[in-house]
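One chain, chain A, appears in both complexes that follow, with chain B as partner in the first and chain C in the second.
Moving on, here comes the complex of A and B:
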């Protein structure tokens, strides 16, 4: 196995997972401009729900995935309904929303740990039987191939939704100015609720993919979210393309950063990238 | 009785952390989630000097304060340029980076294995290996930190901090260099956190990086938000409440691993409910 092609493949795969989380995060950030820390936990919820339906209830894998995605979406939707919406009505500051989402994250994570224990679990049956593909001298598993394909599909789907539909138009209006959007008759709270559902469902799906590729644990959300947020900021927060671009850039920087040093430094490298961008280009690559 | 002394020592350590963080978050209005990093720098400095050299506890304490101040000066110099939620995000990054350094600088910190066998202090013939004596020492430090903080916030310097919190631009217009004020209070707060770290290392006699993660910073933040921002007594109250809460849950009789998670659920719910119904905390004077 050669080092260089493998590093490129690893970067692309890591980037693809971050891209999914960043897509979900950016989608929500567009209509509700605060750092939703509970967003990453949707990945854990998706992953664990799929684990429960597939491994414990023994449902078909595809059904379990769909149920997991739906549940993650539903939890995200509920968080908006019961926590963020009342706060929004009270015109709470971003900080208040951030702290509330921190509380939601802590509580949800712990609930998952109570239900499933905090031990590491994996969604894939047995890793050894997975098909391996060799591309340009690097090895890629079947799961990872699925990850790449689904990221591409979801991104195209979101772009179509965003640019071509009435719903997307409403989202863009809210993103520009929620007050004005409401005045011209858009039911903003309803739209924001849907956006939370979709954004959380995407991240839930990311959690499931991670579960197949690596494994799930209750605290997986925070790390995924922070990577997603870093990707969003690097690419341009609130910008769908920017998030994806930032995610792949982050994947490459992380994986090539540990070429010569221990893999434990990955997170530090990711955050160093964030801080460099916060200092020199806080609006990200894509935003004007 | 031993047990109550143990709780009192933990309370003193977290009250120091709470009071010092409140200087930054409550009085200056900067949402910092990196306090555990300086807590860790203090703890590691003490641990390393006590186990690997003949330096005594109090000298190691001073060294810890100095190193934490130096590190926080560098970090604060970068952070002072940010505002609002970007500031919070930057602090996330620095906490993760310091954690990675503690975890990976194996020659110095022993990495994930941690440092065992840290000795208790001894001064003027008083041996603090006795827990009661140690409690008195910890409470003395708490009093010292409390009155130092009170002195800082009641000075003209403290009034500028509060003004920055209310309107940074306006303070700048009056000719104050706000970056300088934000940086100085950040360093003072970090130096105090290092004191708590030294006490912790010497009391528990064993430390590893896991005590200084992002989640610990969030816990300290929960203390001051619960007690009340911009109120030093509030931070002490918050520390008391959040240290005692798990003990109350313990008496309810959950098995210990579930109890730990239920505690997390309780922390999370407390944060959410506070944000929804009482964003200024129990006795706070400032709302986020």
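Moving on, here comes the complex of A and C:
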């Protein structure tokens, strides 16, 4: 195993996971303009739902994944309908929405821990069942390859959705100015609800993939969200292309950053990158 | 209506007489038997819950096996999930709400949090911990195999197997740090070289770059020092990247429930429990003793012995209990004959074990 190609592969894999979370986060932020802290928990919901359907109920893995993604999307949609929408109708500030999302995140994490315990679980089978591929001297597992392909497909899907559909136009209109979008006849609440569903489903899918690659725990969402938010800020908050770019940049900086120093510095390097961007380029690489 | 009121008043009077009579008659007995409260802080939920459950079961076995004692012993268990913040609040709750007379803690993380609280409040504290700092102060004790003893056994085994190049992957924890610091000192002049030494934070899930860095180090064996779930994830990712070099550990393999991941690997562990304790533990739980269970059993008995030895009719003070503990020698415990040394350490031996058919087996002394 060559060090350099392995580092590149590790960076791409890490970046791909962050990209999935950043995609969902930016998708919602684009229309809502608030930091939805409960968003990371959708990863845990997706992961645990897939675990429940596949490992406890014994359903087919693909069915479990679809159900997990759908459940994460539904929970995100419900959060919007029952918490954020009533608050928006009362003209609540972004700070109120942020606090509400913090409450939702804490409550959802607690529910997962009560239902499944806080023990670490994995969705994959034995280590020996993973197929390994060698690319330019670096090793990558079957699951990681699926993660890379998924990011590419979801990214293409979102671009098509954004640019080629009426729904995408409506999202862009709301993103530009929600009031004007409503005046021209767009049912903004309905569109925002769908955005919550899609964004949460993407993050739920990220949680499932992480569950197969590493494992799941109730608090996994917060860690993923932190990296997703750093990626979003670095790339440009609310910009789905920027989020992906920021995610891969973060993956590379983290992994190459610990090449010559100890791995315990990884998080410090990630947050140092965030601070550098907040000071010198607060609107990210791709200014919206 | 009047008749029913009379019935209610009559019944209330009878209940009042019975209750006051019951307490009046029982009071002298309860006063004569003092209650010693022992607060146990261990992970009862989370990834290491099975360790906390083992400690709880061992202490309950010790309590059930108590003969006639002049004091009454009550044990209160608190869950800390092996998180320092929760350990501190558990210790404060046990002190302020339960008024415990002694603490028992599991791990160097918890021990280091509780030790200063115990010292400040003059409460006896026994840690099941590697870090010698846990035993600092008059009221703090450790019952565990010290890192120096474990490392001595570890180095002898490395030499016996002809291993000259060692790679280390360690999680940032006081216990692991204490073991590794001592190991580095003891390795000097042995001809065994540390060719890779990588640390990582708790909560880390992606070890791929760390693994890539050590893979070409030429290590003949990797020493893994981590708790669950980092230990399992690290092992899994090492295998996924095609590493076939043997792995070993000091204690940590038994901190995992997925022992099959370490099938065929040898490691150093704290002393083997006696057959008598293993049998008692197995009868109660249907399992072999978990890491630290025998220590917890011994600690409960040591606290009982010290309290029972204190003479007088009033409840023993912490100072009296500490004095009695320091006098204990050749105590027949679940880990053999134990003595408390001048540093407050109850020392036990280290052994070499290996994972065979998914179970830990001692392979030599």
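What we mean here is this: the second predicted complex is superposed on the first by the 287 of 288 C-alpha atoms of A that agree within 3 Å, B and C clash if a C-alpha of one lies under 4 Å from a C-alpha of the other, contacts with A are read in each partner's own complex, and residues count from 1 in each chain.
Note that in this section a contact is a pair of C-beta atoms (placed from the backbone, for glycine too) under 8 Å apart; a residue touches a chain by one contact, two chains touch by 3 or more.
Every value quoted in this text rests on a predicted model; they were computed, and no experiment measured them.
In this overlay on chain A, chain B clashes with chain C.
In the superposed model, A:139 lies in contact with chain C only, and not with chain B. Within the superposed three-chain model, A:107 lies in touch with chain B and out of touch with chain C [touch as defined at top].
Of the two partners, chain B and chain C, it is B that touches more residues of chain A. Contacts of A:94 after superposition: chain B is touched, whereas chain C is not reached. In the superposition on chain A, contact of A:255 is made with chain C only, not with chain B. Contacts of A:6 after superposition: chain C is touched, whereas chain B is not reached.
Judged by the touch definition given at the top, the superposed model places A:282 against chain B, while chain C stays out of reach.
Looking at the shared chain after the overlay, A:264 reaches both chain B and chain C. Only one of the chain B stretches 109-117, 145-153, 217-225 or 271-279 carries C-alpha atoms that clash with chain C in the superposed arrangement, namely 109-117.
On chain A, the surface touched by chain B in one complex and the surface touched by chain C in the other have residues 117-118, 262, 264, 267 in common.
For chain C in complex with chain A, the residues that touch the partner chain are 45-47, 49, 81, 172, 198-201, 203-210, 212-213, 215-216, 228-229, 232-233, 236, 239-242, 261. Chain B contributes residues 31, 78, 81-82, 84-86, 88-90, 92-94, 96-97, 99-101, 103-104, 214, 218, 221, 225, 257-258, 261-265, 267-272, 274-276, 279, 287-288 to its touches with chain A in the complex. By the touch criterion given at the top, residues 1, 3, 6-7, 10, 13-14, 117-120, 127-128, 130, 132, 139, 141, 214-215, 217, 223, 255, 258-259, 262-264, 266-267 of chain A touch chain C in their complex. Interface residues of chain A, counted against chain B in their complex, comprise 34-35, 83, 86-87, 92-100, 102-111, 113-114, 117-118, 222, 226, 229, 233, 262, 264-265, 267-268, 270-272, 274-275, 278-279, 282.
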